[in-house]
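Structure in C-alpha cells, see below.
Per-chain numbering from 1; labels A, B and C assigned in written order.
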Amino acid sequence: MYRMRHLFASSGSLRESRKLGRSPRGRKIGLLAGAVTLVAAVGGTYAGFAQASAKTVTIKIAIESNPNMLNIENLIGEFYKLYPGIKVDFDTLNENNERALVETDVSTHANEFNAVMISNYETPIWAKNGWLQNLTPALTADKSYDINDLLKPIRASLTYKGGLYSVPFYGESSMLYYRKSILAAAGETMPLHPTWAQVAAIAAKVNTPSVAGICLRGVNGWGDNLAVMDTIVNTFGGSWFNDKWQPQLTSTPDEQAWNFYVNLIKADGESGASQDNFPQCETLYGEGKTAMWYDATVAAGLITTAYPTVGADTGYAYAPTGNATTGAPGVHSGWLYTWSLSIPKGVGEQADTLKFLEWATSKQYLDYSGQQTTVGGQPFGWADINPGTRYSTYSNPNYQKAASAFYKVTLNSINTATPNHATDSDVSIPYGGVQFVDEPWFINLGNEVSNNLEAAIAGTETVTQALATSQSEAKSAVTTAGLLK
Amino acid sequence: MATGVDRRRRHKRGTRQWALGHFWTIFTWILAFILFFPVLWMVITAFKKESNAYTDPPTLNFRPTLTEFSQVINSTSFTGGIPHALEDSAFVTIATLILVLAMGIPAAYALAIRPVKRWRDVLFFFLATKMLPFVAAVVPIYVIATHLGLLNNDWVLVILYTGFNLPLAVWMVRSFLLEIPKELLESARIDGAGVFVELTRVILPILLPGIAATALICVIFTWNEFFFALFLTNTNGTAPVFLSGFQLNEGQYWAELSAAATLCCLPVIAAGWIAQKQLVRGLSLGALK
Amino acid sequence: MPALLYMIVVTQVPFLVTLWYSFRGWNSLVPGSNKFVGFSSFSTVLSDPMFRQAALVTVEMTASAVILSMLLGTTLAILINRKFRGRGIVRTMLITPFLVIPVATGLLFQTTIYGSYFGILDWIVSWFGISQVTWASTYALPSVVAVLVWEWTPFMMLIVLAGLQSESLEALEAAGVDGANAFQTFVSITFPHLRRYIELGLLLGSIYIVQTFGEIFILTQGGGGNGNGTTNFAYYIYKQVANADNYSLGAAAGVIVVIATEIIAAFALRLLSGLFQATEGT
C-alpha cells in the first residue's frame, strides 16, 4: 500500500517512470516498435505500475569506484539477506565523474539518487544549503547503530550545527610508508614522527636509478597533488589566506613549501611524478620501485593484502612535519578525510535508504567483511576492512592482529588532525579544513592551483610562475565570493 | 619491333618497379601495424594477469589467461557490471539507428528529389546544429529531462543521439540519392507507382550500401558517446560510462580494464570490420553529391 | 518534414534554455543566485584570460589534429589504393582506431601507452637513451593531439579512399597514354579530384574535433603547459559547470562559442565552396 500511494504522489510517479530503462528486454523491444517519445512516456507509466506492484523497493546510491566501495558492491548479498524487500542499485563512477554528477543531481533537486557518497568537504557546505537530511535523530533512536562509536574527529567533520548529515563509510589521515629493508641497507632508520628534513635526507640517500627515494603525488586535482601539498604547506607555517582573506600563495612559507616539494620530487621522487596519484604510487610501492611513499592511511590495508611481501617489509610513520627550510617544528600535518553517505532532502524511500546507510557503516558490516577471505575474486582480510570510522574497529582483536603494524598510527593521525586550524597557531586563518578550504568555491580554485603545481613538477613552469598564477586565481576567487573587499 | 636495348631497359625498369612496389607494401604494413598496435596491445593485456600488466619493460612473455575476462563478466561492481552496460548500449544504439533512418531517409528524399526552396540553408542549419558545444547544453538538458521525468531512462539518450546523428544522416543519404538517375525514378512514376512503392522498390535497393555506411557511422557515434550518457543516466549507464569507472583514484587494474574495454568495443569493431566495404563504397558513391 | 521538426526541438530547445540561463546568475552553490543578471556573465567570460587561452587551445588542437590526421589519412589512402598482398587485412587494421570507444582509447593511452614505468612509450624512448617522460604533463597538448590523430586518421583515410576509388578510370588511362608519370598524374588529375573529398574530411573532422572533451578529461584534466595548456572551449565550460558550479557562466561561454563557431562556419562553408557549388544546380 505504501508504495502504491507513493506512486500517485507526483514526484513518486516521475521517479518510478524513470525506471523504464531497467525494465526487461522484452518490454524494450516492444517499445522499439513504437519508436516515438510519446510511446516512451506511455510505456514509462506502464513500467511504473509494473514496478509498484512488485514487492521490492529499489534504492539508488551513487558511489566512487574506490576499492572499499567496490567491495560493498560485491558483498551486497548479505544486505539482501537481512532486508529482502530492498534492492540496491549502485551507480559507480570515478571520483571526478561522481562529484560532477552528484552535485548536478542534488543542486538541481533532480533527486535521482536516494543516497549519495560525498566527503567531509561537501557535507557541511551542502547541509548549510539545506540540501541534506539531518541523520542524527534517526541514528540516535537506533541504539544498535551506536552513533557514539563513530570516531569523534570524523563525526565532527560531518556535522553541521550539531546535526550529523552524513555517515562515514571510511575515514583516513595521511602517513608515510617506507621499506624497512631498503632503509636498513642504507644505514638509515625512520623515526616514528619524522620531519620533512629527515625524510628528504633519507630519500636522497636511498634514491637509485631503479628505485626512487620517495613516491609523491604530482597529477592535477584538488584532492590529488594538492591534498599532499597542502599538508606540507601547513606544517611549513603557510596558509591559503590570512584572516582578511588576502591570498598567501606567494608568501615565504608557501613558497618554501612548494619549492621543497617540487625539488624533492625532482631530486629523489619517482620519475613521472607529474602524472602520478594514489594508484600509481601504490603500484610503484607495491612493485618495489620506490623506498618511501607519503599518502592516505587507507593504503596501509591495501598494501598488506595486495602486496604481502612488501607489506611485511613496510614501516609506518606519522605524516612528516616541520619547515625543512627554516627548521621550524611545524604542526602535525596529517589530513582528515572521509567518504561518507548522505540522503539528499526530498528524495523518496528514506526509511529504506537509511537502513542501507546504517548497514554500510555499521559494526556488523565491518565484522562481516572482515570474515571474508576473497571479495570479487581478490584476496581480502581483516586488514582491508573500512578503516577510520569506529572505535570498535580499533578495539577489535581480529583487526588489531591483522593491522598491528599500522592501526595505531592511523587512529592517532585521525585523532590529532586539526581541521579547525591546520597551520601554525600564530598564523591566523579564516577557514577550516586541512587539505582544503571549507568554502564552496574551493573546488574550482583548488583545481586551477593544482594545474599550476603539476606544471611546476613537470617543469613546464617555474615554481615562482606557478605560485604567481595561483595567487591571482585565489585573489579572483575570494573577490568573486565577496570575501576580499 | 622492340630492340634488345629497349627490352633490357624495360626489364630493368620493371625490376626497379617491382622492388619499389615491395618497398611500399612493407612500408604500408609497418604503418598499419603501428596504428593498430594500441588495439592489439589492449587485447594482449586483456589476456594477462594483473601482475603481468605492470612489468618494466612491458612483456610478451606471459601465459595467456581468461581470468580477467571472467572477472569482468562475473563482477557486478561498477554499476551492475558489463552485461547490464552492454544491454543498455545495445538498446540505445538500435533505437537511435531506427529513429535516425526512419526520419532521415524521408527527409533526405525530400531534399534530393523534391528540392525544397532554399534547401541550402536547410542543409547549413543541419550542419550548424552539430557545432553546439554539448558541454554548455548539459545542465539545461539535465533540467529538461528532470521535468519530463526522463532522467536515467535510456530513451533520453535515444532522443538526443537521434538529434545529433540526423544531420549527418540526412546529408549522407541525400548524397546517395542524387546518384540515382532521375529517369529511373520518373519511369517508376509513369508506371503509376506511388511514392511509397517508388521508395521501397526502386530506390531502396540502390541505396542500400549508402544506408549501410550511414548506419555504421550512426552506430559508431551512438555506441561511443560518453558525456551525455554520464550525466543523464546513472544506473542505466552505457558501455563508455561503465568503462570510465575504471579510472580509479585508488588501485590500478590495467588487465581488467583492457578486458572490459575489449568486450565493450567488440560489437562496434565487428560491425565496422564487416561493413567496411560498404563504408568505402558508400562514401565514394556520393558523399559529395 | 518530421526530421527537421525533430531536429529543431532536440537541438534548439536546449539552446534556448542555455540562452535563458546565460542571462541569469545561477551558481548552484549560492542559493538564491538564480535570478536575472543581464549580460554580466558574458562580460565575465569575455574578460577571463583563461577563456581567451581556451580559444587559442581550441584552434591549435583542432587545426593540428585535423591537418595531421588528414595528411596521414591521405598517405594511407594512397598506399592502400594499390593492389598488394594482405590489402584487406591492412585496411581492416587501419580502420579499427576509429571504432574503439574514445573513453577506452583515452584510458588505454593514459595507462598502457603514456604511463610511466610500465607504459609502452617510455620503453620505446628508452632505446634512445631517453629516460622516463611524463607525456601527459610535459607534452600535454601533443599527447591529446596524438590520441585525436590516432582516432581520426581512419576516418580521413576512408573519405580520401572513397575519393580515390571514384576517380574515373578513363581520365587515368588518358593520362597514362599521354605519357604522364605517376607523380604528374597525381598532381594534375588525382589531386583536383580529391580536393573536394579532402575538404569534406576537413569539415566533418573539424565539427567533431572542435568538441573534444572526453580525451582531455581522461588524459590531462585540462592541465599542461602553464597549467591550462589543454583547456579548450569544451573543457573550459565543463570547469565552469562542474568545478565552479556556475551554470550561468558555463551557459554564457557556450552561447559565445556557438555564435563564434556559426560565424566561422558560415565563412568556412562558403570558403569550401567546392562542396556546395558542386551541388548547387540540383
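To be clear about the criterion, a residue touches a chain if its C-beta (ideal position, glycine included) is under 8 Å from a C-beta of that chain, and two chains touch if they have at least 3 such contacts.
Quick caveat, the model's predicted, so the values are computed rather than measured.
**Q** Taking contact as defined at the start, I'd like the list of chains shared as neighbours by subunit A and subunit C.
**A** B
**Q** Please work out which of B-C and A-B is bridged by more C-beta pairs in contact, and write that pair.
**A** B-C
**Q** Roughly how many whole angstrom separate the Cα centroids of subunit A and subunit B?
**A** Centre separation, subunit A to subunit B: 37 Å.
**Q** Just how far, in Å, is the C-alpha centre of subunit C from the one of subunit B?
**A** So the centre of subunit B lies 16 Å away from the centre of subunit C.
**Q** Would you mind listing the residues of subunit A that make contact with two or more other chains?
**A** 100, 104, 108, 280, 283, 289
**Q** For subunit B, which residues are shared contacts with two or more other chains?
**A** 54, 56, 139, 143, 159, 244, 246-247, 252
**Q** Give me the residues of subunit C that touch two or more other chains.
**A** In subunit C, residues 117-118, 241 touch at least two other chains, as defined above.
**Q** Please output the residues of subunit C touching subunit A within their complex, sorted ascending.
**A** 28-31, 114-118, 122, 131-138, 140, 217, 220-229, 239, 241-245
**Q** Would you pull the subunit A residues touching subunit C in the complex into a rising list?
**A** 96, 99-100, 103-104, 107-108, 125, 129-130, 218-221, 270-276, 280, 283-284, 289, 440-441, 443-444, 447-448, 450-452, 454-455, 457-461, 465-466, 469
**Q** Give every residue of subunit C touching subunit B within the complex, in rising order.
**A** Interface residues on the subunit C side: 1-4, 6-7, 9-15, 17-18, 20-21, 75-76, 79-80, 82, 84-86, 90-105, 107-113, 117-120, 123, 126, 150, 153-154, 158-159, 161-163, 165-166, 196-197, 200, 204, 207, 210-211, 213-214, 218, 233-235, 237-238, 241, 247, 250-251, 253-255, 257-258, 261-262, 265-266, 269, 275-276, 278-280, 282.
**Q** Along subunit B, where are the residues that touch subunit C in the complex?
**A** Its residues touching subunit C are 21, 24-25, 27-29, 31-33, 35-36, 38-39, 41-42, 45, 53-58, 103-104, 106-107, 110, 112, 115-116, 120, 122, 124, 126-141, 143-144, 159-160, 162-163, 166-168, 170, 178, 220, 223-224, 226-227, 239-240, 243-244, 246-247, 252, 254, 257-258, 261, 264-265, 268-269, 271-273, 276, 279-285, 287-289.
**Q** Give every residue of subunit B touching subunit A within the complex, in rising order.
**A** Touch residues, subunit B against subunit A: 54, 56, 71, 74-80, 87-88, 91, 94-95, 98-99, 102, 139, 142-143, 146, 149-155, 159, 230-231, 233-237, 241, 244-252.
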